[in-house]
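Below: a set of structures, written as structure tokens.
Each of the next two complexes has chain A plus one other chain: chain B in the first, chain C in the second.
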Partner chain A sequence: MNAVAETAPPYADSFAALQHTRAPDWLAELRRSAFARFTERGFPPERAEDWKYSNTRALQKLRFSPATTPPTNLGTEAIAAALLQHPQVQRLVFVDGVHVPALGSKHAAVPGLRITPLDTALREHRADLRELLLPEARWDNDPFTALNTAFLADGALIEAAGNVQVTAPVQLVFVSTPHTEACASHPRVMVTLGTNVKLTLVESYFGLDGAANFTNSCTQIALAANSRLDYFAVQREAQGDFHVSRVYVSQRERSRFASHVYNLGGEWVRNDLRVRLEDAGASVRMDGVYLADRSRHVDNHTRIDHLVAYTASDELYRGIIRDRGHAVFNGKVVVAEAAIKTDATQTNNNLLLTRNGEIDTKPELEIYADDVKCNHGATIGQLDEQALFYLRSRGLDLDTARELLTGAFARVVTDRIAAEPLRRFALEQLASALPQVAAEDGA
Partner chain B sequence: MLSIKNLHANVADKEILKGINLDVKAGEIHAVMGPNGSGKSTLANILAGRDGYTVTQGSVSYQGQDLLAMDPETRACAGVFLALQYPVEIPGVNNVYFLKAAYNAIRKHRGEEQVDAVKFLGLVKDKMKLVDIDTAFLNRAVNEGFSGGEKKRNEILQMLVLEPRLALLDETDSGLDIDALKVVAKGINALRSPERAMVLVTHYQRLLDYVVPDCVHVLAAGRIAKSGDKSLAAELEQRGYDWVTAGASA
Partner chain C sequence: MAKRASDVEKLVRSEYRHGFVTDIEADTVPPGLNEDVIRLISAKKAEPEFMREWRLKAYRRWITMQEPHWAHVQHSPIDYQAISYYSAPKTQPQEDGPKSLKDVDPKLLETYEKLGVPLHERAKLAGVAVDAVFDSVSVATTFRKKLADVGIIFCSFSYAVQNHPQLVEQYLGSVVPYSDNFFASLNSAVFSDGSFVFVPKGVRCPMELSTYFRMNAANTGQFERTLIIAEEGAYVSYLEGCTAPMRDKNQLHAAVVELIALEGAHIKYSTVQNWYPGDANGQGGIYNFVTKRGDCRGANSHIAWTQVETGSAITWKYPSVLLRGDNSIGEFYSVAVTNNFQQADTGTKMVHIGKNTRSTIVSKGISAGRSQNSYRGLVKVVGAAENARNYTQCDALLLSNQCGAHTFPYMEVKNPTAKVEHEATTSKIDDDQLFYCRSRGISAEDAVNMVVSGFCKDVFKELPMEFAVEAQGLLAVSLEGAVG
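Presenting the complex of A and B:
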């Protein structure tokens, strides 16, 4: 055809460099096979249904090097806006994918809760690590998961044995910093809750001004019977940052998972969140807020599998699209034949504020069982004229009134967070992107 | 304070107001009455600057300024307040946050200092006692899930806090039981002062049992068909609107 030279597959250089680092055989093999899978599959083709509205061309064009040494001059004040304030918070901080112990919290360990940086676990050759990392890594032949596994090096293991109510929230902060050469990081987070465990987990993806990196994160969550995880993932990366995230959740009997995913930053963002309700009584609350402004691209694909009878899901995603932003929402709910008495609700509301903005929303319900209660709805609208007039008639100028209503549209989602201090933290994070959201309750 | 001259206005090409003339002086309370569809609410909404109305003729002057040329927020900052017939529910906006934002917006316009949360809360709590609103209301979303009576009381609370120069009340009394009506009347009377004017748009005479107006006007088919003192309201209550409107549409 034309004179395009045969080029090495993307990430080949980085992967070759990684081969030179010491690793146990099983890990080296795990990485090798994952990289082979990634190379074979490549980036998602443009015609792939799941990628119809999210073109990876820009991501493919960029070359990222792995970050090897984290900047030593970074202090907590630079990331203060991302930090959850709590007297007992258990925090790990990663800079461009690399764990930086100095930036973490120094609070006493919580009985029953084990938090281990992945690099530490690998260095110490933890015996069960192989069992932990192997089984789910081949998820759906997804190239980004394969890429994450190929570069598996850092992240966190969060494990709670049975019967603990952990009041101290856990926060993982992933900071993207400016470099002369953009870098890619592939954090892996594994969360395992035993029976009757209650835990709050925050994942914060934060970018410093001028950063233009690629974060390809993968979080795997396993919830045992009667456990409860309140999960808040907030993505506030820099204007040039790329972000792909995969979150896989499996839920056993009567476990509850409350997920709150906020996309407030970055340049190009694609999230896939998949939940499997594997036993009776398992339930999921799946909420999200996305802001697609400037030229930002934000794509949220969610999937909930109701696999057995008596499971419930309640999903609410709200998006704000303005300037030349482009948002995509695809919410799939699958109710298996055996999953009678499923109770599933899905709502996606979008505020399209500019002519040049774009939203592609697609709810997908696949129901193979009888006797279920399922409903879904997607809306695209503008600000309510009546409400605008009402605010203006009380003295608020038009811009303030618009901002207030825009913030309120998102805040409705935040107000569904039952757990404190999570709700308050979520409000603060929301207020960082939408200034007219009252960060404090009341006046 | 307010001078309306030969005001004609359309809603979707249909003429609703057909030449209204009305003068309201500071310190006065005027009641605008009339049957459904006579243009009462249209008049109130036009004065507050709501979209959807086209003024085809006439003028409105407020404190010597051309009211119709002003944005709704400019009118509010200049002291015009409309208590809505159907107050809007705004999920996600905290009631007291909204009230404080409005209060400070108006203060800013006047070149006055902003009031902080603590001070503002003290101020609001005093006013709340007057209208018998529970403090729990403050932290709820604006009007969301409020009963009809609660919404109207919330309007009166806003009015008491914002202390307008010209208050327009659009059927604030409709749908209220007698206790709520008394509370609303108490709020209105509390605001009565020589510097302030009020226009009460109402369908029934019963609010006027508690708030004594200086003038009563009957609107019929887009014009003021009859004006009088408070005794006119009592007469309307007895005789209905027909004897006035019959003359107007002729």
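Presenting the complex of A and C:
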């Protein structure tokens, strides 16, 4: 972890090391051009509007080496807290970015659903892999996606051809473990759903105590007509972990996408979730809970592009800021000129509970069509004194009363999850950080 | 449909009402900007040394600055060397300004008559004291005497520089420093005139004060500077109106307004901005890049901005309030109307610094034609600002399918006792409401006007009486034929 040397671009050593591994020509070429793009652009400049409240200086100062050999002694019990309990769950586990088959689930494959670790797909030289990758134009300006592409090596491909209702949820667990030298991983997840497919995908980012790594994940999701994806991103990394995530979603006609984002860990977190509604009838629901406590920095940027007529979006993010936490929310809704009859709602509520906490929120609307119904609201406030008084009059001590109300504030978001086992899972995950949230789960 | 077509025709034909040019010989400095031009402006105005030095400091800072491009507007590059930075009607006595209305060139007075600012009448009938700024210099200030009796100073900025230099030196740049931003620095270097108001301790200004700005000469920029000081417990309501003749080139207007409210003072600042917006094809029009900021310096002080923005090709302005005194109040009420190719990026900043400070923001944006209308606002609560409270509401109404309405609110909060709320909606003008009006026999045009003025009511009610009437009228003119 030395200070950045003036001359060598960041990650140059890691990238040079990567050149020695075998890769098909097209991949080597793609990596080279992505790395060149990253080197050329560098990290986001401090004054960039999208990075106004999130300084990457700390991230830039650190030197991360690539993790090459996964620890062999890691057992399932170490990551049990992150696991989704479901009789048919299809699970892949990645340790510091590297797929570890031994930790995955052993259930029989589900008909119609193909889950392939990315390294396997690369090894097998799957011909269509290149076409599946995110088009360059979409990340031209994003250094982190460029970096992810430069180090494209592992991750997962999830494909469902069409007309299948997958009841078994898919879970991808990314574990960050302590090392003498901090390491960087760049997992790539590619989800392609055909027409009339229904699927639930859970991405869990989990850190073991003492880990201080950098996870730079990129997930790309393509939903064909009438497909539906419930996407959970549970981020519970260790206190020293850095996490940057990019999620790109494109939706065709009448497809439905629902995201459930839980930011409960890590030291410095930045998430960008971008959804493009490309055909009529497509709709998106984006929910999120972020907890910025201790000295944690949590930044969520979301962007929804309504590109055509008759699309809908509904977004609810709730944040809890305490201790010396710093939370940032930026929700952007863009309605293109053709996108008449757009229905867009966005709400961002924040609880600022301590003196040294900070919240910066910016809900944005950019509207170029007239026949639309769009609104957004943002609030920053505290726990209701009257509700606190009520609970205390019932004999609860102040701390418990506060915890209870804070939990209830977050629970508004989990209550929007329709499927029972997943709502319970979300509550459990939330309870790891807000113990009172799961009390008296009536369901 | 025939009806609609005729409405559209009317729109095409409807012209900017204030678009006449007054043919007056003007004393205009050749285009270009350098230290000599600044010294020349300063010399022409016989300014004291501190003023000249301040201008030069601002200029030296300005040349190191970059023109900002973060606003949601697009325009061709501005050539700052092609602008003339000083233009004064020549017939006016240069030395000490007009003594009374009799000294003013009758042609100028005629201009104001056409604009609907009859100085005599307004002065006598409406009881409004008017300071009129023509291009760059203040032409006449009515009612100066009557105001002086209660200790109020209301005069042109240049008059104040010469006659009240200690006040100017004390307060100028204390809210908007010369280094504040690109356009404010440019203004600080070259500002030519503007209004100055000083309301002493405990005085309640007996009438509404008013300034009328008009840009007449071609290829000039108008850089006026307004400074309003309300001492302890004082109250003043100030109105500002703006027009410019039609020209096919863009003209630059970069003003700075500074308000200072000491303990218990209350300043109400209302603007009706109707600069030439350019023609229906987006040719010409004023670039209105303005810095307006109020400083609630004392406890219990109160600053309220009300603006009705219908003109300008581009509006770039964020009247702000620094809530430094405990219990101080900041308010911002805005109606911004854009039509044709107009672009507006406007909003406010409320910075909560003192304890128990409160702010209210109500912004109504109306977009028609191919215009772009953005609200951009900042609500900031610093760590020490206990019990800060903000309520923000911004609504946008869309009247055409080629315009845009955007909202960029920033909220930055560092204190756990703060309550900050923001709400925004964007929708099309309601067909049901229009249909209801039409079914009662109201014409399409009037129905739109009714719905729009209902939409703007929360803001109009904050305007002083006579301005509210004018604003309604302006709104109707701006939107003429926008919806068929």
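Definition applied: the second predicted complex is superposed on the first by the 429 of 443 C-alpha atoms of A that agree within 3 Å, B and C clash if a C-alpha of one lies under 4 Å from a C-alpha of the other, contacts with A are read in each partner's own complex, and residues count from 1 in each chain.
Everything that follows uses one rule, which is that contacts are C-beta pairs under 8 Å (C-beta built on N, C-alpha and C of every residue); 3 or more make two chains touch, one makes a residue touch a chain.
Keep in mind that what you see is a predicted model, and the values were worked out from it rather than measured.
Of the two partner chains placed around the shared chain by superposition, chain B is the only one that A:391 touches, whereas chain C remains out of contact. Shared-chain residue A:405: touches chain B; no touch with chain C. When both complexes are overlaid on chain A, the residue A:340 reaches chain C alone and has no touch with chain B. Within the superposed three-chain model, A:415 lies in touch with chain B and out of touch with chain C [touch as defined at top]. Within the superposed three-chain model, A:382 lies in touch with chain C and out of touch with chain B [touch as defined at top].
In the superposition on chain A, A:366 makes contact with chain C only, not with chain B. Note: no residue of chain A belongs to the chain B contact set and to the chain C contact set alike, using the contact criterion stated above. By the touch rule above, chain A contacts chain B in their complex via residues 384-387, 389-398, 400-401, 404-405, 407-412, 415, 438, 440-443.
Within the complex formed with chain C, the residues of chain A that make contact are 49, 53, 337, 340, 350, 352-382. Within the complex formed with chain A, the residues of chain C that make contact are 70, 383, 396, 398-428. Chain B meets chain A in the complex at residues 48-51, 71-73, 75-77, 81-82, 84, 87-88, 90-94, 96-103, 105-106, 109, 117, 120-121, 138-139, 141, 158, 162.
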